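Here the structure comes first, spelled out in structure tokens, and everything after it is commentary.
First chain written, first letter: the chains are A, B, C and D, and each begins at residue 1.
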Amino acid sequence: MEIFLQQCINGLTLGGLYALIALGYTMVYGIIQLINFAHGEFFAAGGYVGVILLAWMAAQGMTQSHPWLCMGLALLLTMIYCAMLAMAVERVAYKPLRHSSRLSVLLSALGMSIFLQNGLMLTQGVYDKAYPTEMVSGLVTFGGLQISIMQILILSTTAVLLVGLNALVFRTNVGKAMRATAQDKVMSALVGINSGRIIALTFAIGAGLAAAAGIMVGFNYGSVRYDMGFVPGIKAFAAAVLGGIGNITGAMVGGLIIGMVEVMAAAYIQGGTEYKDVFAFIILIAVLYFMPTGIMGENVDDTRV
Amino acid sequence: MNRNMWRVLMLALALCLAATGPALGAKLKIGSLSPLTGPYAADGNDIANGVRAAIAAIEKEGGIPGFDGIELMAEDSACDPKQAVAAANKLVSAKVAGVVGAYCSSATIPASEVLAEEDIPMLTPASTNEKVTERGLKYMFRVCGRDDDQSVAAVTFLTGHLKAKTLYVVDDKTTYSQGLADNVEKLAAAKGIKVIAHDHVNQGDKDFSAVLTKIKSANPDALYMSLQNSASGALMLIQARRMGITAAVIGQDAVYHPQLMEIAKEAAEGAYLTFGFIDENTEAYKKFASAYAAFGKPGAYSGYAYDSAYVLLSAIKAAKSTDPAKVKAEIMKMDIQGASKKIKFMANGDSGSNYIIRMVKGGQFVNFWDPATGKTY
Amino acid sequence: MSGPILELVNVTAHYGRIQALKGISLRAMPGEIVTIIGANGAGKSSTLMTICNVLRASSGDVRFEGRSVLPLSPDRLPPMGLCQVPEGRRIFPRLTVSENLDMGAFFRKDHEAIRRDKDMVYDLFPVLKERRRQPGGTLSGGEQQMLAIGRALMSRPKALLLDEPSLGLAPLIVKQIFAIIKRINEENRTTILLVEQNANLALQLATRGYVLETGKVVLEDDARALLGNPEIRKAYLGE
Amino acid sequence: MTPVSRTDSARSWLMFGLGLCWLFVLLWPLLGIGADGVLSFAETFAVWGRIAAAALVCMVVWRLRRSGSLGFLDAPAGSLRDGMARVAAGVPRPVWLIALAALALSFPLYTERYAQDVAVLVLVYVCLGLGLNVVVGLCGLLDLGYIAFYGVGAYTYALLSIHYDLSFWLSLPIAACLAAVAGCIIGYPTLRMRGDYLAIVTLGFGEIVRILLNNWMSLTNGPNGLLGIKSPGIYLPSLADGFSFEHLYMRKLEYLYYVILVLAVFTVIAVRRLNFSRIGRAWEAIREDETAAEVMGVNTFLLKLLAYASGAAFGGLAGVFFAARMRFVSPESFSFMESVMVLAMVVLGGMGSIPGIILGALALIALPEAFRGFELYRMLAFGGAMTVMMLIRPAGLIPAKRMGKRGEEAE
């Protein structure tokens, strides 16, 4: 039982990170029906910029005196940085193709993904970059459960971000405009919504969340690396689809499910660690077979290739 | 390190541009194959830099008579059989005198077949899979050790020093890491150690919490960690220690990289690794260290790559020709102290292994235990 | 204001290589109800889409309050007071009724006035108030039309373009909606440009009318005169 | 070009300036803050300055074009292009084909190994691209796991060759059939799904196949791969003693080049015939509007399955050749990235267009090779080139004539 709970926490942490990345996929997909291949790169860039900022703060001696402030500040700045990066990518590589076939944009996104990944490699080097994990260390023991402070931090930050995003999308006018644009771009223009700006904002928010995930992955696992966006990118994409792509709550649920399945498969199925991705995908396929639009998917209209 | 890297890249680009410029005289061309991009780019660049360092060292010693200098074609094998073969073909077309590489055994094997068709000598600094030299290729040499020898060293250490009763094995499913882990599992079982389980993780995984939670509840005496990448090793160490796993951790040469301590910091302390014995007091090592200084800290394979290139170039120098048969004869004659080990090739192209146990202590790798003598250093 | 509030001068537009509008000229004076009638495919909806710049005019000019709006993107027009209720209503199906109305006032910042306007719309269409928490997509056709008009009103338009408000609705509901259109026109002096297939109803409501055929204006007259025109009666009023 | 207003010009310069500032902000944290926390600007300015200078040149040219100042260049350039088009159109089709065939056949005679090797790879990817084109280009089903069939083909031949010593030529149809069966297995559960749900499920299947290959030790030898696959063999008449046939393994690259050339030509012809057959038209109907096609009596279920199966079969053929050429297979060759690259060829070349896809394969295989000179910048240049190509030609290098309006969102 203890081990089970322990694994639950592991799954929750991982799932929360997937959910943060999946949100960017799902929001962008919802609004312009693009599978943003470059999204994983925003996550990786976030991890790097975070560690760079922390290095600078450490050199100023700030990390010793105000560790929590530094982490918060680094998180915030990194999110802003990645939002700017995403807006630039959107402007350069996606916006000119707004009226072209969706596969053209997909390919442009792929090109951007390769470009950004190698850009990171060239500027940051091929070696892993270590995170100052000593800033947050320690375990909390609940009964027999051991939870690291970092895990608690990740879970709470993720929760705050998710709640904040929900409030943004469902409560504010801008959020409503995002949903309106996703549903009908022409009509939203006819009521005075600048869809270009709303799309850019969507990219910015999605990338900001991915950046937050990047920084937390850095802290949790101790290092970042230029190609780290790829695998979580695929998983998060799967999570977004599992939840019903375009649906924000769906992405959160999908992320948590994928994270849980992975951890549980690795923990409780013989030979499960090597096949854990298989289980994740099998769950995905089974769900989609019975619910072809995902767990929370609305009926998307028949827009295809 | 960041800006250093940038400088290295600039230098590489400049070298490359220079290489494509008009040739002033007959230059001796050699090639290197290693993953310069992709997940193994770290080790791949170490290899390319090791070769560059060897060229610098040889040129400092007066170069090779009859040639106006040595030119390196550093090709990217990306650890992908397809690209490795393309790169090997490119080297063949460029008529290189010999090739140092590749890294991943799955790239080395098909690439070596291409080179073998044209009788181009190939010296691998890093592919430890037994098959590399066991296919009867005439011009295939291996400067690093072999997986089977490495597993022996690890198991000897388990029984001889750690006196472990139970063992947990984890690998990340590459040709190399799994082959090694399988050997360890087999040998350990034969030696009477109880292998609790042999789990696999995937390359590129960052989260090992699921498997580590299992390990924690199994509470083995030792954990054999066979991963392809030092950063993955560091991640596993951090997470294991954070969870409170106290088992002795034994890694292998792919985890052996200064990165391990950089990332894992104190979590790496006390970890054991099997690695070729490097005597840092030899003349050869000092020469290597000074030649490599321009490229930063040596990685795990920098020394082997340096030795491979050094052997190749000295053989060409001695043979006064690039004729493969003559070069091979010189290589076989060679019996020298290299930067990484004593080099003397056997008939099949292997040069023997000298694995010892090293340990992380105070953020440094130190020699710890010698399986041949069963003594701590 | 003396000049026309909305004026089209010789506007042409294309869908790919197909010319949809072949030189449309029309005008609407402030406070007028102008109707455009014509058969399917005559270019009625294209005319409205061109006014709002969703369909780009190839030549000619569109002026709103004397200023050319062609260089502006569609989302700049509602703030100027030019608003369209497009064909098929185009409710945001997964936004609630209340959120749909909020979107109508998206560009406005005067929260207090927005709230009052919303109450005004709820007064106009009490059924929307009942259903304000319901997603727009679950409304019936008539309710959706009301919502669409209500959403447009939220932007306080000076000129309202209505595309086929009667489409697919029961006669009773059509009558209701037309009554409301008249009320909007009378209460706020909102200029209305009404595109309709139901020529009879439209001409009864309007002050003036234009008849479109294959992308051209073939007739322009007082609504009453058009209603009395035998050719029109034959072609569009089913006699 | 119509003269543009001053405000438009000022606006675009403003945007240009803003873009450069934006770029600087993006570059500086990556280049200007060292690992030790030391700030520097020199490197950022160096890199940024170069990019800014290049962008400035592009911008000036673009503005001049917009304002019509370069009109004097357009006229001759246009007439040159028209002239070339006229000459090209003047040459009859057979002449083109013969010239192309002669070029392809004589290729190994005047090239070195490296060029031949790249050519062989290009041809393998031509087969793959055309196979995927059946699924994506003709039938409109976005498949992100196509490489799985390539893997099935490769492993089929590898196992048959190693364990049963079956010849290359016999393995071709067997592998094609097996791949087609795999196509049906993967296709069946996905038939109900549409659009991007299909994409992720095919991606999932592709990954499952790769993970299976990587883990099924007893069959595939896992990550170690399979070694000792035989090259294609042929029987050559030999006059040494009397008249007999001599069995020869074609290990030389030239021979392999011809083998894959034959396979590629076969694929081109087969896909072309499929394209213009009843089935091809039905596929296109499904692509343009599935519901309408169904209403018109097209059996969408069967036809979609058939698209999967036939697409997969071509992938299987390519896989057999790949295994024979490498004489070694390992799961690394069948990763998700490969699927994406094949898809990229199809889209880049122009969906549904055979010459387009050939060009796409050429571009995506040859470019990284051509960029080898850039060393570490190689993949950076490649990624950038991919985006730029898409921006310049969104419908692909050679768009198909019969593509409908699908996907060009009516806005």
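A few points about this structure:
We adopt the following convention: contacts are C-beta pairs under 8 Å (C-beta built on N, C-alpha and C of every residue); 3 or more make two chains touch, one makes a residue touch a chain.
This structure is a prediction, so every number in the text was calculated from the model and none was measured.
Without chain A, the contact network of the other chains breaks into the groups B, D | C.
Just to note, of A-C and B-D, the chains joined by more C-beta pairs in contact are B-D.
Our note on geometry: chain A versus chain C, Cα centroid distance of 42 Å, whole angstroms. Centroids built from CA atoms put chain C at 74 Å from chain B. Centres computed as Cα averages put chain C at a distance of 48 Å from chain D. Note on chain placement: the centre of chain B and the centre of chain D lie 34 Å apart, centres being C-alpha means. The residues of chain C that reach two or more other chains are 54, listed in rising order.
For chain B, residues that reach two or more other chains under the stated contact definition are 1-2, 6, 9, 37, 173, 200. Counting partner chains per residue, chain D shows two or more touched chains at residues 31, 34-35, 214-215, 376-377, 379, 411. Taken chain by chain, the contacts fit none of the simple shapes, being neither an open path, a ring, a star, nor a full set of pairwise contacts. Pairs of chains meeting the touch criterion are A-B, A-C, A-D, B-D. Residues 173, 176-177, 179-180, 183-184, 186-195, 298 of chain A touch chain C in their complex.
Touching chain A in their complex are the following residues of chain B: 1-2, 5-6, 9, 37-39, 41-42, 44-45, 173, 199-202, 204-207, 209-211, 213-214, 217, 230-231, 234-235, 238-239, 242-244, 259, 262-265, 267. Contacts from chain D toward chain A in the complex involve residues 19, 22-23, 25-26, 29-31, 33-39, 136, 140-142, 189, 192-197, 199-201, 203-205, 207-208, 211-212, 214-215, 287, 290-291, 336, 340, 343-344, 347-348, 351, 376-377, 379-380, 382-391, 394-396, 406-409, 411. Within the complex formed with chain A, the residues of chain C that make contact are 52, 54, 73-79, 83-84, 86, 90, 92-95, 99, 102-104, 106-107, 151-152, 155.
On the side of chain B, the complex with chain D involves touching residues 1-3, 6, 9, 12-13, 16, 20, 36-37, 74-76, 79-82, 85-87, 89-90, 92-94, 104-106, 109-110, 113, 117-118, 129, 131, 135, 173-175, 178-179, 200.
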